[in-house]
Amino acid sequence: MKRKLLAMIMTVTMTGALLAGCGSSSSTAETPAASEPAAASEAAPASSEAAPAASEEAAASTETAETAPASGETIKVGIINNDPNESGYRTANDKDLKSFFTAENGYEASFAYSLKNDEQITAAQKFIQDGVDYLLLSAADTAGWDTVLQDAQDAGIHVLLFDRTIDADESLYDASVVSDMAKEGETAVAWLENQKLDEYNIIHLQGVMGSAAQQGRTGALDTKVGENDNWKLVTQQTAEWNAEKAQQIVQSVIDSGEKFNVIYAENDDMAKGAVAALDKANISHGVGKDVIVMGFDCNKWALEELLAQNWNYDGQCNPFQATYLDEAIKTIEAGGTVDPKVIIMEEKGFDASEITQEDVDSYGI
Amino acid sequence: MTNLKKIVGKQIFIPIAALLILILFNLCADPSFFKITLGTNSAGNPVLSGYLVTILDYGSELAILAIGMTLVTAASGGQDISVGATLAIAGSAMLKVLCGGATSASVMQAPVIVALLVGCIAAMLAGAFNGALVAYFRIQPMVATLILYTAGRSIAAWINNNELPIISDSAFTVYGGFIPGIPIPTPFFIAALCVLAAWCLLKFTTIGLYTQAVGINENSARLNGINPEFIKFLSFVILGVCVAVAALIKISRLSTINYSVIAKDIEMDAILAVALGGNALGGGKFNLWASILGAYVIQFLTTTLYKFNVQSDALPAYKAVVVIALVVFSAPTVRAKLTELSKKKSRSVQLAGKEAA
Amino acid sequence: MNEEILLEMKDIHKRFPGVYALNSVDFSLRKGEVHALMGENGAGKSTLIKVLTGVYTKDEGEIRMSGNSEALDIRSPQDAQKYGISTVYQEITLCPNLSVAENIYIGRGSGAVQNWKEMNEGADKILKSLDIPARATQQLGSCSLAVQQMVAIARAVDQECKVLILDEPTSSLDEEEVEKLFGLMRDLKSRGVGIIFVTHFLDQVYEICDRITVLRDGKLVGAYDIANLPRVQLVSKMLGKDMDDLSDIKGSAETYKAESNMPPVYEAEGLQSNAGIKPFNFHVNKGEITGFTGLLGSGRSECVRAIFGADRVIGGKVKKNGKEVTIKNSYQAMKNGIAYLPEDRKRDGIIGDLSIRDNIILALQVMRGFFKPMSKAEAQKFADDYIKLLDIKTPNADKPIGELSGGNQQKCILARWLLMNPEYLILDEPTRGIDIGTKTDIQKLALKLASEGMSITFISSEIEEMLRTCSRMIVMRDRRVVGELSGNELTQNTIMSTIAGGSEK
């Protein structure tokens, strides 16, 4: 009897854990927003100049779509994404796709969400059976997609990848829309160089070591510091995307009495933790103040800090991929091919002295 | 000699010895570690700063959690590993109240005390859930609390619809920062209040005696009219209260919450604090004050490591060394050897003394 | 009956520090017999068995077995196994989460590879041959306790066992299950296996056994054919009182005269707990000392545990001073002025790591309530008072109780309950395992308390102690009350014959 009861409870526990596993993707995602898109390290030369700035285009095309549906016939798309609860980045990404692929814009979209590869593959097979025209895919895992994508190709379905790349032959998909983390870092470092400080004494707060976002964003800074004598790293520490750890690391530097004038945090959370430590020690920060604060991901609250001139810079990690996908679909519909296949998205860096409320509203995630 | 032995035999000697080792190490490596400066903050109020102040500051949440964890350990003979997740739940509930349900607020929408109460209720419910599983369903504490350990952070996210609420009211930063005019960090005062409350609890109720009785011999306790299930249950609920208070400090520090990383792995530090306090992790006799001191010693270690620029993802490795040292020194075989050694030594000292005489 | 001697143990000695556990004990087992090994606590039964199975090594003596010309050299359970001596213990020592077949064969495979099919077939064959109602592939935990016990026996039998030792195999079985087990034992007997049967149940001994060996205080009392040893004789031999030359040693306990107009301090009707005792009636009057007697395992402790609410009470009515009360747990019992000094001091009495002071005040503290902790000074005073009063030998009250000697521990527990000033005090084996001086102290104390008006129940395995203190005795056998003796009936003779029961007198 007792054993049975225990077994029952264990079952409940396991189920609970499973449920948690599904729901708590947010807890495994080390940070909302950051590090999400797998870096397209083999990124092709930026074709992004050709692509118009994402959101403006989005707004524009929405309007045009309302007046004149593309070709009178709706395009059927099946969209397979990760769970929108996974992170703030993913939520914004999903919202963007949902608001773009609508009947008004000439699309009939079905969505499937999962953080598990096998479930995503099942969803893909279902979409193929349903006879969609396009399969849009943000794969949970890079491997295992060959067969199902071959099936899609045989059925004459076009495959577009967004946000994450996969380990499959390039011929199996038509285009891939990704972020370039290294470029994000370069943009940020270029901005910092433009500040023309006499000396750069930098506290570098890194993300979880080895993640694509960390590698991309660290790389640019490391290179710069290596090249210039007046760029110094006061400390370079991983705070694992964690605000609390960032706060303690910065606190430790403050306690040591070492001088610093830049905080380069690889995501907004860590920047916030750093700022909390600065506030406590009465060290001024922001535009025209003692310490320059830099973050990434463009969380809405972070951009508001920029607007209030408390922070100086925030680098974007673009979740607004719908217009890029639309562009590619249009090209294919017109009988063309997407070339090069890898589309690197335009990603902005915001400067506190230039940011507007409009930017906050349209880019904040 | 006997005096020394008496001191060494006392439980609180363990955290004190660890503290002394750390102090000595820092003295040798860099005495500036102990420098404390009085400055002023942006509001023009005096504040103290320095590594020691940081230790008092950041060690406080851990000290508060150590109180609850000590009771849970003593009563149930096991540990609660869901502390971090429960803290996320309590913090999430507090922020929901403080922001009035919105995602951000520039002014607190409810008094802090109301938020604290709501957080307490949330954390106590979580504690009650754990406690019921442990006490009434007789599931091992580690296994029982594994449920919330895995699910808790999702629940925390669900409370705020997966939004990350932010409160930018400077009045709220007081709990994780400084009270205007007082140069010592507030968390230290909150911890002191909690310690006082714990002292009162031990002084004005019989919980200390009951908890130890249950932890040492449940059968005897039951035959003396104590309800062991209830005592275990109670210890988890008390831990819930501690978690809620710690959550207030944590969310006040950053004025926001990140469900996936807030108080990450803090349960391990809390358990380590209990162990470092010389308490048996198998339950029974406990010394609350030693656990609290243990918590500050752990923060001392953390701060020291940060000072020497040890990579923060390597910190657990150093803590592991502490755990190994503790386990080795508390092992019966090692203890027996040590007593033998000290006996020999005292004998030889006596002999030497005689010869000298 | 087969007269061939299968196993012979001669002049076995075994000493432990301070205890002479076996003093020149002889034992012989014939082929195809069930041989009961009887004796009260500390008689040396389990030591003898452990010597035979290699858990202990004997100090002196020799063990011979038919078929071996040499004396056996048993130094480990593996050695015993090798000679064909197998044991089945009271607690099932198999793995409930494995299958029946796995349990039969576990730890015997010659190699790492196991042929499952072969194993299951083999197991089924054994089960069938012994008529055990289980399948080889069934999970052991899903079988009834009796079947599990039988599987354990099957495992032993399959290892070509010649001597099978059953150590209290029936204590957790119901009557029907016991019958099944006996069926199996008879079957084995007919195959020539010699069975050593250890039990506390007299009825079972007389039902299944052929011979009895009685031990007492580590010495052999004798070996008897069952037909020549009436129950009363057996009991008197176990207790060490020779029936024939017993003179009544009625002690100082006066015949108690109840004040007729007073209701009993405590009265139970049809009281029953989940510990397996049959419902019983009981009452105790003001200033009266009653006793529960019977052999070990007869249910005397279970009765008082039911009174105190220590086991789960599942039936019966309880009255306190004539008023009906509910006593479902120890706290309710204490609130009704009942105190209970448990039989197993280590398990149920002391709180080992706590100080003497905390141990003494514990019950009173619980009575006072959660929000009324005693000041340290008050606790210290209580502790000091009772350390003096009961002459507890300790340097101070701070010493952990676990570091005291058994007698002093017992005095502390006694102090704990006296401090509560109960109306009714239950002393379950208060004198076990403690020195003679303390034993007398405790008996004297019980008499004194009773004369001051406290009602007391006294349980002891030593009949003289009971006779000296009790004015009325409840006699138990096989978990039921079989008699109540008072006044002139309180003699060793009547007690023993009541314990023995059966037809003989």
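In this document, chain identifiers A, B and C correspond to the written order of the chains, with residue numbering beginning at 1 in each.
Quick note on the criterion: a residue touches a chain if its C-beta (ideal position, glycine included) is under 8 Å from a C-beta of that chain, and two chains touch if they have at least 3 such contacts.
Values in this document were obtained by computation on a predicted structure and should not be read as measured data.
Traced through touching neighbours, the fewest hops from chain A to chain C number 2. Counting contacting C-beta pairs between every two chains, the top pair is A-B.
Averaging Cα coordinates per chain and for the whole protein, the chain whose average falls nearest the overall one is B.
Averaging C-alpha coordinates per chain places the centre of chain A 72 Å away from that of chain C. Taking each chain's centre as the mean of its C-alpha atoms, chain B lies 46 Å from chain C. Distance from the chain A centre to the chain B centre is 36 Å, each centre being the mean of its Cα atoms. On the side of chain B, the complex with chain C involves touching residues 203-207, 209-210, 212-213, 216-217, 219-227, 284-285. Across the complex, chain B is touched by residues 2, 5-6, 9, 13, 16-17, 19-21, 23-24, 26-32, 85, 88, 91, 208-209, 235, 237-245, 247-249, 251-252, 254-257, 269, 272-273, 276, 279-282, 284, 299, 301 of chain A.
For chain C in complex with chain B, the touching residues are 308, 310, 329-331, 333-335, 340, 342, 347-354, 358, 362-363, 365-367, 369-373, 416.
Only residues 32, 39-42, 47, 49-51, 54, 58, 104, 133, 137-139, 143, 146-147, 150-151, 153-154, 157-158, 162, 164, 166, 173, 176-178, 250, 253-256, 258-264, 302-303, 306-307, 309, 311-313 of chain B touch chain A when the two sit together in their complex.
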